[in-house]
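What follows is a set of structures to go through.
In what follows, subunit A forms one complex with subunit B and a second complex with subunit C.
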Partner chain A sequence: MGEQTSETEGYVGRSVRTIEGRGPVMGKATYTNDISFPGQLHAHILRSPHAAANIKSIDTSGAEKVAGVVRVVTGAEAAKYIDPIPHYIDPAVFGGRSATIRCLALDHVWCFGQPVAVVVAEDKRTARYAVSRITVDYEVTTPVIDVEDALKDGAPMVVPGWDANMIMEVPFGSGDVEQAFSSADRVIKTDVKVHRFSTQPIETRTYNGVYDAGTDSITLHGTVQNPHPLRNVLSKILRMPENKIRVHAPVIGGAFGMKMHGHPEEGMVCFLSKLIGQPVKWVEDREECLLIGAREQVHSVELAVTKDGMILGLRDHYLANTGAPSSCPGWGMAFLTGLTMPGPYSVQNVDVQLSAVVTNKPGWNASRGYGKEVTALALELSVDNAARELGIDPVDMRMKNFIKKDQFPYDSPTGLIYDSGDYAGVMQKAMDAIGYDEWKTKQEEALKEGRYIGIGVGFELTPEGGTLPGTLVGGYDSSTVRVAPDGSVRVLTGVTTPGSGNPTGIAQIVADELGVRLDTIEVVQGDTTSCPYGFGNSSGRSTIVGGGSAAKAAVEVREKIIKVAAALMEVDESSVTMKEGVIASGDKIIDLEEVCYACYTRAYDVGSVIEPPLEATAMFKPGLVRHTPNEKGQINPYPSYSNAAYVAISEVDVNTGVVKLLKFSVAHDCGKVINPILVEGQACGAIMFGIGAALAENITFDENGRQLTKSLMDYVMPRIGDVPSITLTHHDSPNPVNYKGLKGAGEAGVGGSAAAIVNSVNNALSPFGVMMTETPLTAPRVWSAIQAAKKAQPQRKVA
Partner chain B sequence: MSLYPAFARPRDLGQAAEIMGSLSTGAMIIAGGQELMPSVNYGALMPEVYIDVGQIAALKGISEEAGAIQIGSFTVHRDVQNNDLIQSKLPLLSYAAAQIGGGMQVHNRGTIGGNIVAMHPLYDILPSLLALGAEVDVLSDVGEVRVALADLMKDARHGLGSESLLVRVHLKPMMPGAGWSYEKLKITAGGYGSANAAAIVTLDSSKITSLRVVVGAVSALPVDMSDTLSDCCGQAWSAHLAEEVEARSSAEIKEPLSDHQGDGEWRRAMAGVMARGAIEAAIKKAG
Partner chain C sequence: MEDMLEDTVLVNLRVNGKLHELEIPAHKSLLDLLREDLNMTGTHMGCMTGHCGACTVSIDGRVAKSCITLAATLSRAKITTIEGLTEEDGTLSPIQQAFWDEAGFQCGYCAPGMLMCTAELLESNSDPSDSEIETALAGNLCRCTGYQSLKRAVKAAAVKAKEKAS
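Presenting the complex of A and B:
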C-alpha cells in the first residue's frame, strides 16, 4: 500500500529542528519542580555523616518543635507502612547476593549520605532547618573503602550477615586461553584504574508524590526515565496494586542513566503523601546528586601477542567498587564491562572475570555507557601500551586485530552476537577527518620547539537496546498512533526521552510512514496512564523500539485513511498516494482533514470500509537477542552494536601538567541516521563526557569514607572553553534486524573519547617514557608522572 | 541562625556603623551577594540580619585624589575592568578583575570589597592588590581607620562583613614603564584556578630595578615573594635566574593547599612556575 519513502524524500535523514525543544529553549518548559499543588509540602532528608555505623537511637523532638514542620519520619516508623525497594536488576536473578534496600535506614547505615530520617514541612527552608534539629546516636564502625580492603580476610562486612563483600563473581569468555598465552611471543600487562565519576544532569532529581484519598491512588510526578517499570516498583514498596499508581515524567533536564529508578526518594515521597494526605515534594541538591557513583574499576589486562601485534588471547580479572548495595541498576554496569570484552577485536581466547565488590562508599546508578565505556578504556589503553612495548604503530595494531566487515554477524567469545560493522572503515574515516598524517608532521615540528603534542586514538563498541531476562529491562516497546478528526496526529509511546531528541526522531518516522506533515504530529511520552506499556529510556533504545513500533502503528492507520480517501474520491485504493498530508489520485486531490473527518463521522456509509477510530497500537521487538543460554551458558542481551572511532590531538604543558585539547574527530556507526543534527549533538555531548572523564571529573573520599566532592566547583565538568573543534563523520552499516537499520545513538562515546585523550597524552609524553593508565589525568598527576620519568631516565627522542 | 532573617538598609556610613554596633553576631553585610548567597542557599550560613549596603553612596565610585586612586568597596568587577582610570593607571588590577571566574553575571554583581572580605584563597584580586601595595579604609562603630591590606590579610578573623565594613581601597598608580602580569593556572575552564601570581617589574636597560611578586591560590593566604626575591634587583633576567626564582618561590610555600584544585606537592611546585611566568611576562612588557 502507498509508495515507499525514498532516501532523499521525506523527513527521515534530515536535520529537522526538534519539536520538543522549543519549551526548554524558551524557558517555558514545565519541569517536575515547576509542578506544585494546593497544600504542597516539602521534604528534606537527614543523611548519614558516617560511612558505616549502627543507629542506636534517633531523637526527632527538636525537629518536631519547629514551626511549620508537619511530620518527621524515621526508618523504624516507615517500615511499618512500606516495604523494601525491589531491585531494578536483582543480583539474585543472576546467582548473586541481594541486599534488602529500604527508603530510610533501619538500625544500620552502610554509606555516607544514606537517608536516615525525613522532615516534611510547609516550605523547603523549614524542612532543612528542622533536619539540623534531629539528634542521632551513632555507633561508628570501621568502614571498607577500597576494593582491596573489602576482600581482605577479616574485613568488616558492608552488609550485615553476608559472608563476603561481593555481589557476585562472573566469568566471561571462552576459547583456549592457556594455549594462546603459551604460544604468544609476548604477554603485555596493563593495569588500568578507572576512577569514580558519574553524570550530573543540570536538573537534579525531583519527585512530587500526590495521594488522592477519593480514589485511594497515588500519582508520582518525577524525573523518571522508566515510568512503567517504576510503577511496578512503587506498587511493591507502597503495598498498592499498579492500577492505583500513576507515574508521570514531565520534561526532563538531562538524565544519562541517573534517573533510572531504585532511588529511596521515589517511594518515600509517595508514602509520605499518603501518610499525611497532602502532596510532598523532594528536590535533590547538588551534593546529594554527587552521591551517586559509577565506574570505579581496577583492571589488569593481559594481552598475549605476537611480535607483529596480533592479539591471540586476553585475560582481565577486574574488581568493581560498586559501593554500598542499591536498588538502582548501577551495579550491572560492571557486568556489562566484562560482557563487552574484547570489544571490536577478533580475539576468541578470552578469560575475563568480574568481581562486583561492595564497599562503604555510596552506591552506583546507571551512567551513560553503562559499563561499556569502561571496556573501551581498559582495552584501548592496553592496546596502546602493547603497541608501544612492541614498537609498532597503535593504529596498525588495531587495524590488524579488528573484526573484518565480512565476519558479521559475529559471535563474540562472551556470547554476544554483533549485528554488523566496518570497524577498520570507521577508524580510517576518523583519521582522515582530522588529518592524522599531517598531525604527525606537526607533532615532530612542535617537539623541536619543546612543545609536546600527542595524537591518540580510541575505539568504542557500544551494544545498544539491551534487555535482561527476568527484569523490567525490556527489549521491545509499543506505540499508539492516533489521528484526530481534524487530521492532527498524536503518537503515544512507551519510550521516554532523556532530552536527546527522540520524540522528534519518532515524529519524523511517523510523518514519513503515515504521510503527514511533521508539524501536525505531537509525541506524548512519560505517563503510565496515557501511554502504552513500555520500558522507557535506556541503552540507546528509544528511537529503535519507539520509532520501530510507531512506524508499524502508522502504517496501519495510513491504510485506513487511504481506504476512506479512495471511497470518497471513488477511485481504486492502489492509485491513492499520501505524502506530507496531501492525498491524491491522478489529478484528484483531497484534503487530509476531510478524509479524517469522514472516517469518524461517516461510519455507516463511505467510512464503513474501515473500523474507526483512526488509531493503532503496535509493538516492535528487535531480533538477534538470545535469552536462552547457549551451550556455554551465554546469552546475548543486545540486538545492535553501534561503534565509533575517536582521534584526539592534545598538547601537554610539561611545566604544569595541564593538558589542552587541540582537535578532535569522530567517525561513528549508529546505523541509519534519522536526524543528523540530533545524532551529532549526542556524539558531541558524549565527547564532553569523555573529556571530563579523562581529565577532571572525580568523586573523592577521605580515609573514613566521607565524600569530599560536594559541588560543581569540586566536580568540574568541561565547559565549552575546554572543548576543541570536533569533526564528526558518519559511517553507517545498517543493522539487518532493526527497523531502518537503526543501531542506537546517544549513549556511545564516553569511553572511546576518554581513551583517545589518555592515549594522546601518553603519546605526547612518549619522549619521557610516560605511560599513564590511571584516570583522570589531572594536571597534578601528569606533572608527577613527568617528574618521576625525568628522575628515572634522561630525556630521549620521540618514538 | 534564624529561619526568618531581618533586613536592614542603612542610607549612609553613619547608619551602617550604628547598625553594626547595635547587633550581635549573626548580622551579615550583603553587597553583591556573590559570596554570601551561595552559602545561604547551600545552608552553610543562616544570617539573622542582612545589612544591605547597596544604598550607601560613599561605597561607590572610582576617583583620583592627591596622586592616589580610590575605589569604593561596592565597585563591581566589571567597573574595575572597564574604568578608564584603572585601565590607564592600574592595568594589572583591571586585567586581574577580568580573570575572575563565574562569567558575566558574577562580573556584574560581585564587588571588589566582597572579594577582599571573603579572603578566599582561590579568588583573583588579592594578589594584584597586594602587589600594588593597597591600603583600605575600614569602618566600625568606633570610627574609620586606614590599614595596609597586607596587615589586614594576616588573619582571616578580620571581622569584616559583620562587625566592620570595608569602605574603600587606596592604590598608588603604577610607575610609568613598569611591566606587569597576572598569571593564572586553571586545569579546566570551569574550575577555580590552582595557582596564580601577580608581578610588577621595573627595568633599567635590561636590569631589574624593582620587583613585586605575590603568589595566590597555593596556600590559605597569598604569599608576597617580593622580599625573598629582592636580590633579583640589579640582575638581568636569565635562564639561570628564572630557575632560581622558581625554586625559591616554591620553597617559600610552607603549607600548600591540598584540595580539588590539586595536591600540595604540585601546588608548591606551581607557585614557582607561576612566579617565574609572571615575572617573565612582566619583563616583556616593561620598558
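Presenting the complex of A and C:
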C-alpha cells in the first residue's frame, strides 16, 4: 500500500508505512533478548509447585555445587537487600486490602508458580539445571481455587492475616433500582461466566539488569511498557534514588498489557546484578508467561425490561477471581468492568457491585480491554438472552436502548462522562458492511439443508486514556521536539510502543504541525534517561497524549523557524509558510537547512529574534477527566470513549460442536484516524483476541490449584486459518477535548467481538433452544449444549 | 563440584552462504547456535516447543523450526535465516519490501517465520490463493495483526517478486 494519496492534505489521515518497520523485516530490530553484555550471566527461577504452602526450609547446596553457578538466592537472603514491590495500583488507595508482595517468597507461597529461589549462572542451561538441585521442604496447605469457595465461612485465607479473601467490594451505580425492577414487565437474569485468558505476546518478558559500580547506578533493559513509572518502583525495591536508575525498553514484541510492571523479575535482575557485579538476564519461558492471568469473572446480570424491550434497570453483583495478590495492575481490571456498566445503554437505574476476590491461582496483569471487555461480554450476552426471552430482534433491542447521539456528553450512572458517540450509527454501519439482511436469507436457506449458520452482534464501549488519582497511571504525557542544525528532526516522547505503530502516528502529526517531510523525523521512546517524563503505553493513550504533546512542541519550534526564516528573507513572518520542509514567502523560497543552521549559528544577528536551540518540550493533558468525586463519590478517570460494533457470522457443525467463523464486520469510532492502515491493524488484532477468547484460549487448573495450561499446545491461539475476512468501517465522532478529536484505537475489540461470536453461535443453535453464556465455546462444550438441549426438548423437531 | 559433563559435537554448516565450523554441546538447538554462537539475533525465541514459529529458518530449502532442531544433526546443511533474505548490497528482497510497505507486521517479532514461510511458498507458487497462503503460514502465530495484513503482504510480495523476475 505504501504512501497512499487521499483528499486530506499532509500526512495525518494517510496510510503511510511505519518508519520503524524496516528493522523487523531485515531481522535487525533489537528486542531485549538480542542485547547481551560482556560478562553476561543468566538467571533461572525456582517456582512453587504448590498453590498454597508454608516453606519450612530451603537447601541450596546442591545447586551451589554445579559448575558454572555463580549465586543462589532465596527469599530470606533477598529480603536483606531489597524491599517489597510497590503496587502499580495500590488497593489501599481505594480503601481495599493491600498485601506485601516480594520478588521471592519468604516463608509462605500463595500460588502455583510463585518465585521461591533464583539461580544465577554463566549460561541459561546451567541455571535451569541447578534450579532442579534446590530442595525445598514445603508444608502444603489447603488452597482456595474458586471464588465461591473463597467466600465461604471458614475458608482458608489466601493472604495470611487477612480476615476475608477480598481485595475490595465496590458498589457502582445510582437511580431508583427498586422502582425500576418493580415496574418492569419482566426481569430476565443471565449468568455470564467469563474464563481466564491471557494476552500471550509472541515475545515473552525479558529483563537484563546491568549494575555500574563506578557510578553506583543500575540500568534495566527490558520488555517494559511504562519505563518512568517502573523507575519509581525499582527505586523503592532497590533502596536507590530514581536518578541512579535508568529503564530502557528496546523494541518490544507485543505487550497488550502484560508488560506493564509489578513483576517480581524486574527488581530481581537489578538486585542480582548489583549483588554479583555482572549483568544478569532473565528470559521468561512460555510456561511462565502462561501463569499470568486475567479476566475471570462470574456475573449474574438481571435486566428489568418492558415487554417491548426497553431496559429500565440493571442489577449485577459479580465476582472476580483475581488470583493471588500481585503488584501488577491486573486486579484493577475487575474495577473497570463495573465502572463501565451499563456500557452504551441508556439505563440510569443501576445496581452493580464488584467483589474482587483473591484465590490461590496466580495473579493477574493488565490485558487488552482492561476489564471493559468483560463488561461487553456480560452486557451483550444478557441483551441477546433478554431479546430471545421477549421474542424480539436483538438488534432492535439494542437500537431501542442505545444512548442517542444528541445526548453527549453523557453522564453515566457510575459517574463516567462519555464524550461523544453515535452508537446506533456505528451498529448500522457494521451491519450494512457485512450485508446483515442478506445473511438472514442465507441462514434460512442453509437451515433447510441442515446447516446451522448464526448471526451475532456485539457492542463495546472502550473508555481510553485512563488515569487514576494517587497512582502512576497518568493521564497526561510529554514530548520534546528537536530540530538539528541540518534540519532533521528528533521527537522524544514519554509514551512507548508495544509494536503498534504509534511512533509513525506521532511522526505524521509532527510532520504536519512542524511542516517537514515525514522521512526527516526520528522518534525516540522508551528510555528514562533521554525521554521526557511520561507514563508509557496503556489504555489506548499513546497517540492521544504522545501525539497531542508532540504537536504542541512542534508548533513552538515551527514558530522559531519561521521567525528566523522571515528575518533571513527580510519579509514579514505572517507571510511565511512551511510545508513538507519547504519554507516560502510569496515567490521567495529558502532552504530549511539554511534556516536551521542560522538559528544555531547566528544567535547574535538574524537569529537573535528567537531563543535557540530549536527545541521545545510540551505536555498534553486531556480534559473531561474528573478526579474530584461528585456528590455520589464518583470519579471519571477517562477523557475519551471509543466504541465499536461487531457482527459475526458463524457456522456450527452440530455433529462435532466445532464453530467456524465465516465473516466478520466491525464499525469503529476511535475519533480522528491518523493512519488508517495502522488503525485497521489494531482493530483486526483485537478481533483475533476476541476470536481466541470466545472459542479456544483457556487457562485451566487442577483441583489443587496446579496450572494445567503449560504450552501453546494447551493454550490454543487463533492461527491464520481461524480468522475470517474482516470488514472494517469507520464511524468517527471526534472527541471534543482531545487533540484532533482522537479517542484511542488500541483496546476496543476483545469483548465486543467475543460477544458477537457467542451470540452468533447461540443464534445458529436457536432451533435447539441452546443459550450458552459461559466462555469459551469449545467444541466439546457446544456439542454438550446441543445434546442437553435435545434431551430437554425431545418434542422439538430438529435435524 | 558437580559438572554437567556433556558431549560436544563438531558441526560445519553454511549459514546465509557463509561456512562455519563449530564445536557445540550435543543438546544445542539450532536457534541457540544462531543466536549465541553466531550472534544472529534475527531468528526469535517464542515458545521453545515448536508451536509459535518465530524461530523459523530454512534448512536445505525447507522451512523448519530452529528451536526444536538439534544443531548437531545439521552437518553440511545449508541454512538461510531472515538476515539472509536481504541482498548483499543491503537492498530489501521483494518479500521484505512488500511486508514493510503493506504494514504486514506490527511488532515484527513473528517476522522470521512469516517471511521464511512466504519465501518458500513463492518459490513454487507465484500467485497463491487465500487458502494456499493459510496453509503456508499455518505453523506461525502472530498476536498483533489478526493475520489480515499478513495475507495482504504475501499477495503484494507475490506481485513484487513477479515484477522483479520479469
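For this structure, a couple of remarks:
Operating definition for what follows: the second predicted complex is superposed on the first by the 786 of 799 C-alpha atoms of A that agree within 3 Å, B and C clash if a C-alpha of one lies under 4 Å from a C-alpha of the other, contacts with A are read in each partner's own complex, and residues count from 1 in each chain.
Here, a residue touches a chain if its C-beta (ideal position, glycine included) is under 8 Å from a C-beta of that chain, and two chains touch if they have at least 3 such contacts.
In this text, all values refer to a predicted model and were calculated from it rather than measured experimentally.
Annotation for subunit A, partner touching more residues between subunit B and subunit C: C.
Contact with neither subunit B nor subunit C is seen for A:P637 once the two complexes are overlaid on the shared chain. When the two structures are aligned on the shared chain, A:G415 is found in touch with neither subunit B nor subunit C. Within the superposed three-chain model, A:P279 lies out of touch with both subunit B and subunit C [touch as defined at top]. With both structures placed on the common chain, the touch criterion links A:G746 to neither subunit B nor subunit C. Legend: residue contacts after superposition of the two complexes on their common chain; A:P780 is shown touching subunit B, with no touch to subunit C. Shared-chain residue A:G721: touches subunit B and subunit C both.
Of the two partner chains placed around the shared chain by superposition, subunit C is the only one that A:C684 touches, whereas subunit B remains out of contact.
In the overlay built on the shared chain, the residue A:G475 is in contact with neither subunit B nor subunit C. Of the two partner chains placed by superposition, subunit B and subunit C are both touched by A:M713.
Touched by subunit B in one complex and by subunit C in the other are residues 66, 68, 125-126, 129, 285, 711-713, 717-721 of subunit A. Subunit C makes touch with subunit A in their complex at residues 1-4, 27, 35, 40-49, 51-52, 54, 81-83, 85-86, 92, 96-97, 99-112, 115, 133-135, 137-138, 140-152, 156. Only residues 66, 68, 125-126, 128-129, 285, 287, 655-658, 695-696, 698, 700, 708-709, 711-722, 778-780, 783-784 of subunit A touch subunit B when the two sit together in their complex.
Within the complex, the subunit B residues that touch subunit A are 1, 3, 42-43, 46, 185-192, 194, 260, 262-263, 265-266, 269-270, 273. Of all residues in subunit A, those touching subunit C in their complex are 1-2, 15, 17-18, 21-31, 33-34, 62, 65-68, 125-126, 129, 133, 199-204, 251-254, 256, 283, 285-286, 498-501, 677-678, 680-681, 683-688, 711-713, 717-721, 723, 725-726.
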